[in-house]
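You will see two complexes here that share chain A, one where it goes with chain B and one where it goes with chain C.
Then we have the complex of A and B:
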């Protein structure tokens, strides 16, 4: 390394320092503090602070409410992300072929995406209304108890979430479709590939990387899902829509059990990191293969 | 400025907080307060919905009577849960951001234990609390001291359709069996598939706990016994839960009450789609609104009991005005709380369907002219019973909501829900006694 390179490197580090300091203060410090909190029995309202090591984690290990929330979080994440990705890619393909009304289609999709989750949830509360809701009216005036039936509440929440976030996948996939050179398709045509073969051997492989990225973002969001079920069902009935973040929220802000709630938060954090790491590995492999 | 920060030891206990404090000090030096000498009180309260908001004129009146005091009114989030979260974060963070604060009646013991409220007893005249409903005064009192002035009053009651009951020559039901047989007769006679029987609140939230408590009381038991024992009489509690589930199974209540809150049930009844409804008194004004389909057809009664002559108490609710222990102007803040809870101010507040805590106002001819049912509501409120008065109320409620909900949707037996709830509560409560 020449002196000039060293100087430039020092200079670079100096320029990075403010950003690193901010990240440290705003991310690392609170993160470590939550970890520390999760090792304590801490109820500040009653002046209780007591170090209990992994006590909360041991309790959570055999806590049916925790496992039910973990199951709900997993189910919600897998189903909603899967449906969003499949529907999103299909819609992107349909929109590409669409000559007229594409702008309108995108505007409508963006509207759903731009709406705050709380507004969406309120909207769906009315759509799911047992007797006056549009969804039951469309289903030939059935009186399905969408939000009050333990078997229907989670599907209802997932549908609302799919409606809200599927546009994100559509737009990313569409952007990628626009960058695929038309020469490739022409070449395929010359080689005699049909539409299905073109889709299978050209379009989908070229989409896979962006779809993985979309799925990564959506999965991380879904694992931390909170507002849509908080407003629609409050976690009920019988906790069938309570996710880990709702359980953490109730423990932290309603029961004011800071240590216990933090332990749930730490578990969600670990889960999100593990899933993100798996996705990144997949992406690296894709990146090398491409 | 430095001295003032040092008064709050918990602020300086962590490096991040120190950094924040430093920013505050630096920021504080930049601007001088515009008018010295004048006191500004911050009043935190939930906004009043509807066409009339009596609070701003009342605050201007207070300012006119107290030269040198200005009141800044700040609204709280919508729901009780979010308000609790707001207070917990700000008060635990020792924020001196507000003086007079609106409190849900169920929070008082918890906030007192946390040291967030100012003891109002030294400011009070000895007989001052006697003007309020005894249950409201009791819920503002903890450990023998008074921590809030009752501001508005609520109690659960039974709404019924006068026109339908008259058509079948029924009197308002006094027992649950009467209510059930009336629903069956009226539904059979009306042949309207949209007409539901009895609506109440069964969504997994605080309102569910209120409805279950009322069922417990009707069955002669409670959530907390005399010595703060949980579920002192599990047999009767299980019976009450089974009764609520039975209402749904028998079709007396529609299946969707398991997702109903106050507004969902209020709207269905208000649209004319139900015979009976359990709700708070606020709904009455909406039912009597000029464009309401049920205008002039709604009566109120106590919640039915298990046996005749033993009407069940409705749960009481409402809010108090308390004073933050961090308030820099406790005397002025108390004057404001006392003014806002005075009979004069509550008379104005009643225009927005907030029911007074002063018993005398329920027999005030002026008010009765606009609200002929006031004396009746007075009786119902007098008969009401508060939810368990304990600093752990929110732990109780949050833990039991899913258990009760599981009974209503039929995935847990009442007995198992009670056992599971008790086991969880013991884990959380034993460690914080």
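Then we have the complex of A and C:
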């Protein structure tokens, strides 16, 4: 190694040091601390701190409320990501064909994406109002109690979440569409390929990579989602919209069980990291990330 | 003929998208509706428009104070992330740091950390430091996601710049610091702009940390003020609508005003790092 290489290596480490120290304190340390917390029975209001090993995890294994929250999280994630990806790709295709007003179209979409999730929740709370909500009025004056009916609350929350996050999928898919060279389509036309054949054999395969990436990001986000259900339903009615994040939050800051709540948080952590790893591997195997 | 069909389709798609944005416009309309007409539907349109709800929000709610908190916290978070993130991203993009790819993977991975897992340790740490209900607490908590995002995005933008210029400056004997400020920084401006706006936006919109680490109007941000918007006897839908509009104004202006930059910035990290081959 030459003196110059050594010097730029030293420079590199010096430039990285402050950021890495900060990240160590703000992410790595809490990431490890939460594992330790989850092994404790910890109730600060009573000054209780007691090591109990895997006690919380054993309890969660047979806690019906935990399994119900896990089911809700799974349902929420699968349905909202699926709907977003399908609608998002369709919209990206429509926008690509757009000759005029594409900028305006994106503005209308990005409006939904830009707002804080808390605002989305307030918007939809008003739209779902049983008697004065726009949705019921448009449905021929029904009086559906969207957020109060255990059968409707989760679909209502999913609809609000899809509205907010679908534009992200459209933007990614549309950007990918723009990079497909027009020659490919001209060649397909010369070969006599119809519209559907072109879509199926050219466009969709070329999109699959970015759609996977978008689905990855959206799945991670959906598993972590908190704001939208916390503000819209608070986990109710009858816990039908209580996801793992809501259960964790209620345990942490309403029941003040810091150890128990942390254990649920650790499980969400594990789920998110497992999904991140799975998708990256999938992308890798397809030769997309290497 | 074909052109006309295309034109009709263009209009249909735009109409569809306008329909998509209805929840927003409905809230906007609600914020100007007289109280008496709020719960009466139809008619869809109000007989007159009023500023009453905005007056209530400005004169009798915590939203104005929360707006100040949010501007301060989002600005400081963005600054801190830039000050720490610019040198770090340069090192990752250009210098031969050992274990660089693992490091970048860890940084990208930490953007996926669920807040619900780190909220309890951060709560205890901040309480230990006596920082509960302060701007500092939220700036630090928001930096935990703003910093990795900044490093990731900026490293991508720097890698995109041609290294020839830096090599030439080195031959001319420019110091590394001078080379960075006079050559890289100007070229990096667009990337820097989108990174800045994204971190500002994420800090502005963040709810879970802001809700947990604050207790009073001393540090409550706008999403928290909106979530806790008080109603005495019944829900003040009009006031909530007005507050929603005020809270969304900065992010909506940021995103729409700089749409082009912004989409590129959003894509920069997401696409490049996953399908480029280095």
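As a working rule, the second predicted complex is superposed on the first by the 264 of 290 C-alpha atoms of A that agree within 3 Å, B and C clash if a C-alpha of one lies under 4 Å from a C-alpha of the other, contacts with A are read in each partner's own complex, and residues count from 1 in each chain.
Assume a residue touches a chain if its C-beta (ideal position, glycine included) is under 8 Å from a C-beta of that chain, and two chains touch if they have at least 3 such contacts.
Since this is a predicted model, take the numbers as computed values, not measurements.
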Note to self: Looking at the superposed three-chain arrangement on chain A, would you call chain B and chain C a clash or a fit?
What the structure shows: clash
Next item on the list: State whether A:255 touches chain B only (first), chain C only (second), both chains, or neither.
Entry: first
Next item on the list: Please work out whether A:140 is in contact with chain B alone, chain C alone, both, or neither, and reply first, second, both or neither.
Entry: neither
Item checked: Which superposed partner A:23 touches (first chain B, second chain C, both, neither) -> second
Check: Which partner does A:97 contact after superposing on A: first (chain B), second (chain C), both, neither?
Finding: second
Next item on the list: Quick one: classify A:114 as touching chain B (first), chain C (second), both or neither.
Entry: second
Notebook entry, point to check: A:245 contacts which: chain B (first), chain C (second), both, neither?
Noted result: second
Note to self: One more residue to check, A:130. First (chain B), second (chain C), both or neither?
What the structure shows: first
Next item on the list: Scan A:196 for contacts with chain B and chain C and give back first, second, both or neither.
Entry: neither
Notebook entry, point to check: In the superposed model, does chain B or chain C contact more residues of chain A?
Noted result: C
Next item on the list: Have a look at where A:178 lands relative to chain B and chain C in the superposition and call it first, second, both or neither.
Entry: neither
Notebook entry, point to check: Which residues of chain A are in contact with chain B in one complex and with chain C in the other?
Noted result: 29-30, 33, 129, 131, 253
Margin query: With touch defined as at the start, can you tell me which chain A residues reach chain B in the complex?
Written below: 25, 29-30, 33, 41, 43-46, 48, 59, 64-65, 129-131, 143, 145-150, 153, 233-239, 242, 250, 253-257, 260
Checklist line | For the chain A and chain C complex, residues of the former touching the latter | finding: 5, 8-9, 11-13, 15-16, 18-20, 22-23, 26-31, 33-34, 37, 94-95, 97-101, 103-124, 126-127, 129, 131-132, 134, 137, 163, 168, 171-172, 175-176, 209-210, 213-214, 217, 220, 223-224, 226-227, 230-231, 244-245, 248-249, 252-253, 258, 261-262, 264-266, 268-269, 272-273, 276, 283, 288-290
Notebook entry, point to check: Tell me, which parts of chain C touch chain A in their complex?
Noted result: 6-7, 9-10, 13-14, 16-18, 20-24, 26-27, 30, 38-42, 44, 84-85, 87-88, 90-92, 95-98, 103, 107, 109-110, 112-125, 140-141, 143-144, 147-148, 151, 176, 201, 204-205, 207-208, 212, 222-224, 226-227, 237, 240-241, 244, 247-248, 251-252, 254-256, 259, 263, 266-267, 270-271, 274-275, 277
Checklist line | Residue ranges of chain B in contact with chain A within the complex | finding: 14-16, 19, 81, 84-85, 88-89, 92, 110, 113-114, 194, 202-205, 254-260, 264, 268, 273, 391, 394-395, 397-399, 401-402, 405-406, 408-409, 411-412, 420, 424, 427-428, 431-432
